[in-house]
Amino acid sequence: MTAQTDAQGRLLHLLTLQGLPRASLDALLDRAQAFAEGADARQSLAGIAVCTLFFEPSTRTRLSFQRAAQRLGADVLGFDAATSSTTKGESACDTLRNIEAMDVRGFVVRHSGDGAVADLAAAAEAGTALVNAGDGRSSHPTQGLLDMLTLRQALGADFSTRRFLIVGDVKHSRVARSDLHALRTLGAGHIRVCGPAALLPDDDTLAGCEVGHDLDAALDGVDAIMMLRLQRERMEEGLVASLEDYHRDYGLDATRLRRAAPEAVVLHPGPMNRGVEITDAVADGAQSLILRQVANGVAVRMAVLEGLLAAR
Amino acid sequence: MTAQTDAQGRLLHLLTLQGLPRASLDALLDRAQAFAEGADARQSLAGIAVCTLFFEPSTRTRLSFQRAAQRLGADVLGFDAATSSTTKGESACDTLRNIEAMDVRGFVVRHSGDGAVADLAAAAEAGTALVNAGDGRSSHPTQGLLDMLTLRQALGADFSTRRFLIVGDVKHSRVARSDLHALRTLGAGHIRVCGPAALLPDDDTLAGCEVGHDLDAALDGVDAIMMLRLQRERMEEGLVASLEDYHRDYGLDATRLRRAAPEAVVLHPGPMNRGVEITDAVADGAQSLILRQVANGVAVRMAVLEGLLAAR
Amino acid sequence: MTAQTDAQGRLLHLLTLQGLPRASLDALLDRAQAFAEGADARQSLAGIAVCTLFFEPSTRTRLSFQRAAQRLGADVLGFDAATSSTTKGESACDTLRNIEAMDVRGFVVRHSGDGAVADLAAAAEAGTALVNAGDGRSSHPTQGLLDMLTLRQALGADFSTRRFLIVGDVKHSRVARSDLHALRTLGAGHIRVCGPAALLPDDDTLAGCEVGHDLDAALDGVDAIMMLRLQRERMEEGLVASLEDYHRDYGLDATRLRRAAPEAVVLHPGPMNRGVEITDAVADGAQSLILRQVANGVAVRMAVLEGLLAAR
C-alpha cells in the first residue's frame, strides 16, 4: 500500500505507477480502451470541478487533461502557477488548499520537484484527488499508462514474449521511469535500455534491464522502441557533445529501424526533436504510433479522472 | 440610491457595499448561505456569458468567480487585460463595449484605479451587469460579503452584541473598506481598528471605530479578528520599517490570540504572509476560518451573479 | 474549386473568401443572420471540441470565436502558441497534428505567415476543419463575412446599386482583401479605395476598384465607408510621416462624413486608433456600425463553425 491508495487498495490519487498492482493497471487500461473506442461519459463528472495546477509549464499535457475532463462533463479550471503573479509568495500547499476550498475536487498537478505532487496530496482534504502530471524526473504516470495502452493495442496484452527498448536520456526522464514501472508490472519479457553512459541512471532504476550503449545492437529483434526526447540543456550541461553526435549515435532512422522486428512499433512522448533523436521518415512512418499515443492520452486521462472522482 | 441600483432600488451592478441597504445585504447573504449548503443552480445562467475582465492580475479571485459562474451553468470567458498585447492602446471602455457586443451579459472587473469599475458600469449598455472584483483601494464588495457570511455562520446574525477587530494596513485596503461598510450596515456593536499610524487612513473611513496602535490592547475580548495582508511595497515606501518589526508589533500569534474572547474567530482575505501578519499556528488553528472564507467566496459570488443576471 | 472545398463544392475549411461562390456566401450570411436574431443552437456542436490555435496574439478575435463555439455547445480549448513555452521548437504542423489527435475536430488558427493556415489545413486529417482567423496580410474571411452581414443589414442584399469605399492601409490589410473578395462576389456596384500611395498595393488586389488618394473626393456619395486600422509600425517603417499627417489626410471626422450619402454607414474592424483614422464623433455616432460588427462577428463565426462541424 502506498500513499495513493486507501486501506482497501482503492486509488485515492494517482501519483506513481511504482507499486500499482497489476489489477489496478489493467482496470485503468480496460476503461481507457473503452474511451479510446468512443464510449460516452459526458455526465460522468457533471458538476464536479477539476483544476489543472501547473507549477511547470506544459501546454500539451494540460490540453490533454482538459479535453479528458471535458469529455467527462467536468467543469475545468486552470491555474498556471508558473506564470501567475498572484501567488505572491504563497506556498504550493496554500495555493492547493485555497483552490480546493472553491469546491474543486480534482487536481492535475505538474511540478519540477521530485515528490512535490505527493507532498501536496498528503496536504489535501479527504475527498480531493490529485493526479501527478509529471514531477521532477520521478514520475509521469498517465504518460506511462498511455504508452502501455498503445503497446497493448499494437502487441496484444501478453507482454511476456515481447522485447521492449527504451532509448535516450533515461537519467532525467520521468517518462522512462513510469514506463519501466508499468512494463515490469505488466510482465514485459525483456527490457533493454540504450543511451550514452552520461544519460543513464546509476541507481536501481534499470534493475533487471539489459543496458547498452550501442543502438544498432540494442535494436536487434525488439518489438517496441520507446524513444525519449533529448532536452537541449543536456548540451549546455556537457552531457552530450552535440546534436549531430547524438543523432549519429542514438538517432532512430529508417535504416536502423530495420534491425528491429519487422512489425516493431515506435513510440515517442513528444514533443519530438525531429532530426535529433528521430528522423521524419520514422516519426511519420507506418511503424510510428506517436499520434496514437496522443489520442490514447485523452482516453487514459478520462479513465484516471473518472476512477478517482466519479460516484465516490 | 446609488448608481448601482435602479429607481426601484434593484441592484443593476455590484460596485460597492457602501450604501447598500440591509435588506439587500441580507438577501444576498441568505442566498449565498443556501449555495454554501449545496443548493443546485446549474441551469440558473444557462446560455448567459460572464467575462472576467481583469486590468490588474488576481488568479484566485478570478478562479473563484469562474467557479461561481460554472456552478450557475454560465458560459465563462476570460480577458486578462493586464497581459493582453492585443488591446493595442484601446481604452478600458472600448474593451468592455466590444466584449459586451459579443453577447456577454455579465462582467467581473478588477482594476487598479479607484472608481474605474463604476466608470465602466456607467458606460455599459442597459442589461449588462458589472461586479466590482476590486478597484484601487476603494472597494471589494464580494470580499466584504464573504467575510460577513463567514462571520454570520460563526457568530449568528445578530452582530449588535459583538466586537470586531480589523488589524493592519487599512489605509491601502479595499477589503477593509468593504468590511467596514458591511459591518456598519449589519449593525456591528463595536468595531476596533488597529495598525501602525502610517497604515491607517486619516479620512472618515474609520468613523465610529475605536482606533488604536497596540494590538495586545485591541485584542481584548473581541469576537472576531480580521487580519489584513501586508503588501511588501509598504516596506519600499518606508511605511513599515521591516517585516520583523511589523510581525513583532502587529503579527497575530497564538499567545496574543488568547487575549480575544475564548471562541473568537480569525479571518484573513489571503494570500497570507505567514510569519508576518499571522503565524502558522493561528492560520491553521482551530479558530481560523480562512479556508471557510474561500469556500464562502464561491457561494457569495454565485448569489451576486445570479441576482444580477438570472431572469431579468 | 479551391483547397477549402471538396469535389462537390462543399466547404471543408474556411481559408479565404477568394473564389467562394455566391451561393456559399449567401448561405453563411443567411444562417448568421438567424444567429444574430437569437436562433438557439446550443446542442449543435455538443461533444465536439474546437481549439483556438493562435500563433499571433489577438484576444478579441479569440474571444469572439470562443463565444461562438460556446453558443453552439462545443467544448473549447485554447492554445496560445505565441506565448507557449512548451512547443519547444515543435513545428506548427506537429502542434496541430497533436491537438487534432486529442479528439479535437475544429481549429481556429491565426498566423503571421501568408498561406500558413492553408498549409496547416493541407496537413490535417480528413474530418478536421480549419477556420482562418487571419493569416499574414492575405485573408481574414470571418471578418469579411461579418462586414458583409453588417452591410447587408444596413443596405439590403442588393449591393449592385451601392457605392463602397475602403480607406487606409489596404496594402497590409487582410481585412481589406477579404472585404474586396466578398464585395465583388456579392455584386457590389462600385468599389472605391482611398489611401496614401505607400499604403496601397500595386498588384491586382485593387482590380476593378476606383483608386484615389483624396479622401474628400472619394467620400462623395458613397453608401458605406470601411475604415482600416493604421498600425503604428507604418510610422517606424517610414510609410507614414506622422499620426497627425495621417489624421489630417485620411482621418474620418463628422465634417468629412457629410460628403457621403446621407444614410451612409461607417465600419471599422477594431481596435480603433481614436483620433487617428477615425474621430470619436464618427466612431460613436449614429452612422457607426462598429459595435454591430462585433455582434455580427459572433453570429458569423457560429454559422461558419456549425457549417464546418455539425452533422458531417
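Which chain is which? They are A, B and C, in the order written, and residues in each are numbered from 1.
Quick note on the criterion: contacts are C-beta pairs under 8 Å (C-beta built on N, C-alpha and C of every residue); 3 or more make two chains touch, one makes a residue touch a chain.
Quantities reported herein were computed from a predicted structural model and do not represent experimental measurements.
Counting only chains that touch, the fewest steps needed to get from chain A to chain C is 1. Annotation: the chain A:chain B pair of sequence copies touches via predominantly different residues, less than half of the used numbers being shared.
The distance from the centre of chain A to the centre of chain B, each centre being the mean of the chain's C-alpha atoms, comes to 41 Å. Residue positions of chain B touching 2 or more other chains: there are none. Remark: chain B residues 47, 49, 51, 75, 77, 79-80, 84-91, 94, 97-99, 101-104 touch chain C in the complex.
Only residues 40, 42, 57-60, 63-64, 66-67, 70-71, 270-274, 291-292, 294-295, 297-298 of chain B touch chain A when the two sit together in their complex.
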